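A short write-up of the structure that comes next.
Residue numbering begins at 1 within each chain, and the chains themselves are lettered A, B, C, D, E and F in the order written.
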Amino acid sequence: MKRGFYIGRFQPYHNGHQSVLEHIAHDVDEIVIGIGSAQLSHVDDNPFTAGERVLMITRALASLGCPFYVIPIEDIKRNALWVAHVLSMTPPFDLCYSSNPLVVRLFKEAGIHVQSPAMYERDTLSGTEIRRRMLNKEPWKSLVPPAVVQVIREIDGVERLRQISQKD
Amino acid sequence: MKRGFYIGRFQPYHNGHQSVLEHIAHDVDEIVIGIGSAQLSHVDDNPFTAGERVLMITRALASLGCPFYVIPIEDIKRNALWVAHVLSMTPPFDLCYSSNPLVVRLFKEAGIHVQSPAMYERDTLSGTEIRRRMLNKEPWKSLVPPAVVQVIREIDGVERLRQISQKD
Amino acid sequence: MKRGFYIGRFQPYHNGHQSVLEHIAHDVDEIVIGIGSAQLSHVDDNPFTAGERVLMITRALASLGCPFYVIPIEDIKRNALWVAHVLSMTPPFDLCYSSNPLVVRLFKEAGIHVQSPAMYERDTLSGTEIRRRMLNKEPWKSLVPPAVVQVIREIDGVERLRQISQKD
Amino acid sequence: MKRGFYIGRFQPYHNGHQSVLEHIAHDVDEIVIGIGSAQLSHVDDNPFTAGERVLMITRALASLGCPFYVIPIEDIKRNALWVAHVLSMTPPFDLCYSSNPLVVRLFKEAGIHVQSPAMYERDTLSGTEIRRRMLNKEPWKSLVPPAVVQVIREIDGVERLRQISQKD
Amino acid sequence: MKRGFYIGRFQPYHNGHQSVLEHIAHDVDEIVIGIGSAQLSHVDDNPFTAGERVLMITRALASLGCPFYVIPIEDIKRNALWVAHVLSMTPPFDLCYSSNPLVVRLFKEAGIHVQSPAMYERDTLSGTEIRRRMLNKEPWKSLVPPAVVQVIREIDGVERLRQISQKD
Amino acid sequence: MKRGFYIGRFQPYHNGHQSVLEHIAHDVDEIVIGIGSAQLSHVDDNPFTAGERVLMITRALASLGCPFYVIPIEDIKRNALWVAHVLSMTPPFDLCYSSNPLVVRLFKEAGIHVQSPAMYERDTLSGTEIRRRMLNKEPWKSLVPPAVVQVIREIDGVERLRQISQKD
C-alpha cells in the first residue's frame, strides 16, 4: 500500500489540479488531498469555503479510479509546526507531491520524500487567472472540470466573488 | 439529492457508530461525517489523531453503499459559532443526525432539522467503555469493526493509550 | 469626572448585581460594566450569549440615573495580560469594584485601586443558584430584575439551559 | 420594537458616521453599534483602542435621541463565521446598515436584511483621510464631532499616531 | 557536543528539579531547560509567571558548571504538534530527560531519544506539595534552593498564591 | 541590581545588535534579550526559528562579560497587551533599550523608561540587507559575528532562505 499526499488551496479546483491528480493516481494506491487555508472564504483570493471545495474535488474525481481522501487543513501560522499539523489531520502517507517551494522545503526538513509534478499551462491553469476571468466576465468554464462549474453555479460563486471584490 | 450530517469524536469509531450510519444510509443520498475535536490526540479521552480516525471510518465504511465524506472539524470553543463553523467545513446538508443535547440545541437554534437516531447498547458501545477496556486489558475488539482493530494495531494505539494514561 | 469599573459574567444578571451597581452609582459619575467570558454561551454555567447579557443589563438599569457602558470582554486566558486587555476594551476608569480574589489581585498588581462591595444574600443571589433553580423548576424569577425575566423568556432561555444540561 | 445594526472601525469616529447614525435613528427604535477590529490599536490604520472608540462614539451621540448600544467586536478572521460572531455579541437586531461589500454579502448569505446608507463626502469624511491629515499637521478637527476632538486630546492621540507611523 | 533537554512547569522550581539537573549536567555538554505552560500565571496550580520562573532557575543554577538555556514554552494545546513546537523554540538537542508519560510518549513517537531520570522524595519534592504548604503556612523553604526563596519573597509570591486561592 | 531589556527579531543576529548589546553591557548589571516574532520561521523575512536565534545570540555573546537572558517572545497581535505580555515572559527589568518607534511608544505609555541606542551603519547592518545578500550570493559573513556564520552553516540556513524565497 503506497499513499501519496497532494495539497492546494483549490480556489477553485481546476484542470491543472485534475491533471496532476490523474498522474499521481497511476503511482500510488491511495491519494490524500489536503485543502489548504481551509478556514478562509469570502475574500478575493480565497472566495470558496472548505466545504465547497470538498464538494468540487469529490465530484470532479468521481471517476478517478483510485481511492482518495479530501481533508480540510486549517492554517496553523507557524511554518515549523505545519508538517506535524498536516500529519495529524491525514492518514499516514509515503510521499508528498508538491511544486510549492515552501511545502517542498518543510517536508524535506521533516525527512519526508517530495516529488514535484509537472504543471502544464501554468499561465491559464491557475486559480488567480480563473478568478480574474470571473471578475472580468471573460470565459473561465473551460479551465475547470464540469463538476466545478456546477458547484460554483449552485453556490452563486461568481456573483459572490464579484461582490466581495468591490471596494468599500 | 438529500444529504445528511453526522458528527462524533470517534475515539475510537465503534459498532454503535457503524450501526447508526448504516441506518442513515437508507434515508439519504450522501452522508457527511464530521470528526469533532479534530485537533485533539494523545490524551486519555482523545487518544487518536484526526487522520487516524479518518482512516478508521473510511475503511470501516468501505462497503456502505452510500457515498460519504469524512471531514475533520477542529473545536472552535464558542458554541454560538459552532454551527457556522461546521457549515463552512462541509458540503451543504439537509439535516443533522445527533443525539447529543448540545448539538441538537445548536442546530435547532440555527433552524436546521435534527433527527436523533436510536443508539443501542449504549453501555458497552461507547468510546469511554472501549478505552476503559483497552486500559484494563479486557476484551474490546468485538465492539469495533475489524478495520478499526487493524488501524489501532498499525498505530500501536493501545500501547499509546496505556502510556499517556499513566500518572507522572 | 470619576469612573468606576465593575465586572461579572452575569449568567444571568440578578438582584445582587443590581444592588451593587445601585450603590456604585452613588460613588461615581459613570460606570463601566464588563461582561466577562463574553465568548461563552450554551454551556451549563454560561448559558447566555454576550449579546443577551448586554440586553439584560441595559434594560434592568434603564432607570439607574447614572450613565453606564456595557462592554463584552472575551477571555484572554493569560492572567498576566488580563488587566491590559480590560483596559484596552473600556473607557479609562479610576477604580475597580470587585470581590473576586483573582480580579482584586490582578488589578492591585497593576496599581489600580480596588474596592470590594458588600454582596448580600450570597447564598441565593448567585448565578449558580439561579441556574440550579431553573433546571429544577424551582422559583427563580424573584431573584432577578423583571427586565431579565422578560429577556430570558424572549430567548427561550430556561428551555435552552435544560436542554444543554442533559447528558448525551 | 425595531433594532438596527451598524458597524465600523471608527479610526476615528467622524462626521460621516454621525450623519449616517442620525439618519438610522429615524428608522429604528434602537441602534446597535459594532466597533470592528476591536482588538487592534497602536498601528497606522488602527491607532485607537476599542475603549477609546467606545468613548468617542458614546459622547458624540449623547444627544441622539435614540437608545443605542456600543459593542466592541474582535476580529474572528473567518468570514464564514463572522455573522454568527456578531450575532452572539449583540442584542438581536432586525436589519443591518452597511455599504461595505463584504459585510453586505455576509449578512445577505445569512438571510439578514441589509440597507446601504448613503455616505456623503466620502473623500474627506474617511478615517484614512483624517489620519493622513493628523500625520501631516493639516486641519482635521472639523471632520469629527467636538467630543471626538476632546477624546483624542485626552489620550494624546495625534502624537501617538505620529510616533507609531515612524519607520524604524 | 551533546545537548540535553529537560522540561517542567517549575511552579515553583524546587530541590527535585535541581537534583535532576545536577545529574544531567554530568551527562551532557549543554542543557536546554523548557518552562512549560509559560503563558499561565496567577492560578492555584500555576501561580508564577514565566519570567519569574526564568529568574528562579537561572539564579539557582548559577554554579551548575554546565552551560544551560532557559526557554519559556507556551502551550500549543495540540499534543500531535507539541514536539515540533518545542523543537522550533529551542537550540537543537540530542536527547530528552523526562519522567512525564505524555512527554515520553510524544518524543518517542517523534523518534527522539528519552531518558527518565530518577526523582527522589516525590512526595515532598513536588510543586503541588510546596504550594499546599505555602497556602497552609507550613514550612516549605527547605524544599527549594535559597535563590528561589529570595525570588518568591521579592515578588510577594506566597501572598499572591493565598489571595488567588480564595474562593469568590 | 539594574536590568535592561532589548528586543529584536534577529533574522539574523548581526554586528549592529552585537554593538548595541556591548554598549548596554556597560550600563546595566544584567541584560534581558527578547526574541520577537518567536513563532515565525521559514518565511522570506523571518527564515530562522526562535531556537536557532537563541543559539546565534548565546554563542555570539559568550564573552560579553555581563550576564544575559535570551527569551523567545511569541507575537500577541494586540499592541495594547504587548508590554504586559513581554513583562510576563521576562525577569523584571528597569529600562528598555529600543529605537523601534512602536516599541518606544508602547513602553512609554506603560510608564517604563526607554532609551534609544545609536545604531550605526543602518544601511548594511540590517537583517533585510543581510538576507538580500544571502539571496543574491553577495558577501554577508562580515556583517555578523563568526558564531552566527557557524550556526547558519549548521542549519543550512542560506539554502533554506533561497528555497522558500522562490515563487510557486
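Throughout what follows, contacts are C-beta pairs under 8 Å (C-beta built on N, C-alpha and C of every residue); 3 or more make two chains touch, one makes a residue touch a chain.
No experiment lies behind these values; they were computed from the predicted model shown.
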| item | value |
| --- | --- |
| Chains contacting each of subunit E and subunit F, listed by label | A, C |
| Shortest contact path, subunit B to subunit E, counted in steps | 1 |
| Chain whose mean Cα position lies farthest from subunit C | A |
| More contacts between chains, C-F or D-F | D-F |
| Interface residue overlap between copies subunit A and subunit D, same or different (over half shared) | different |
| Over-half contact-pair match to E-F, picked out of the listed pairs C-D, A-E or B-E | C-D |
| Rigid-body rotation angle, subunit C and subunit B, from Cα fit (steps of 5°) | 120 |
| Geometric centre distance via CA averages, subunit B-subunit A, whole Å | 26 |
| Subunit A and subunit C, separation of their C-alpha mean positions in angstrom | 46 |
| Chain centre separation in whole Å, for subunit E relative to subunit C (CA means) | 37 |
| Chain centre separation in whole Å, for subunit D relative to subunit B (CA means) | 43 |
| Contacts with 2+ other chains: residues of subunit C | 39, 41, 49, 78, 80, 87-88 |
| Overall pattern in which the protein chains touch one another (line/ring/star/complete/other) | other |
| Interchain pairs in contact, sorted by label | A-B, A-D, A-E, A-F, B-C, B-D, B-E, C-D, C-E, C-F, D-F, E-F |
| List of subunit E residues in touch with subunit F within their complex | 38-39, 41, 49-52, 54-55, 58, 69-72, 74, 87-92 |
| Subunit C - residues contacting subunit E, complex | 77-80, 99-102, 104-106, 109 |
| Residue ranges of subunit E touching subunit A (in the complex, touch as defined) | 76, 78, 80-81, 83-85, 87-88 |
| Parts of subunit D lying in touch with subunit F, wherever the complex brings them together | 39-43, 49, 160, 163-168 |
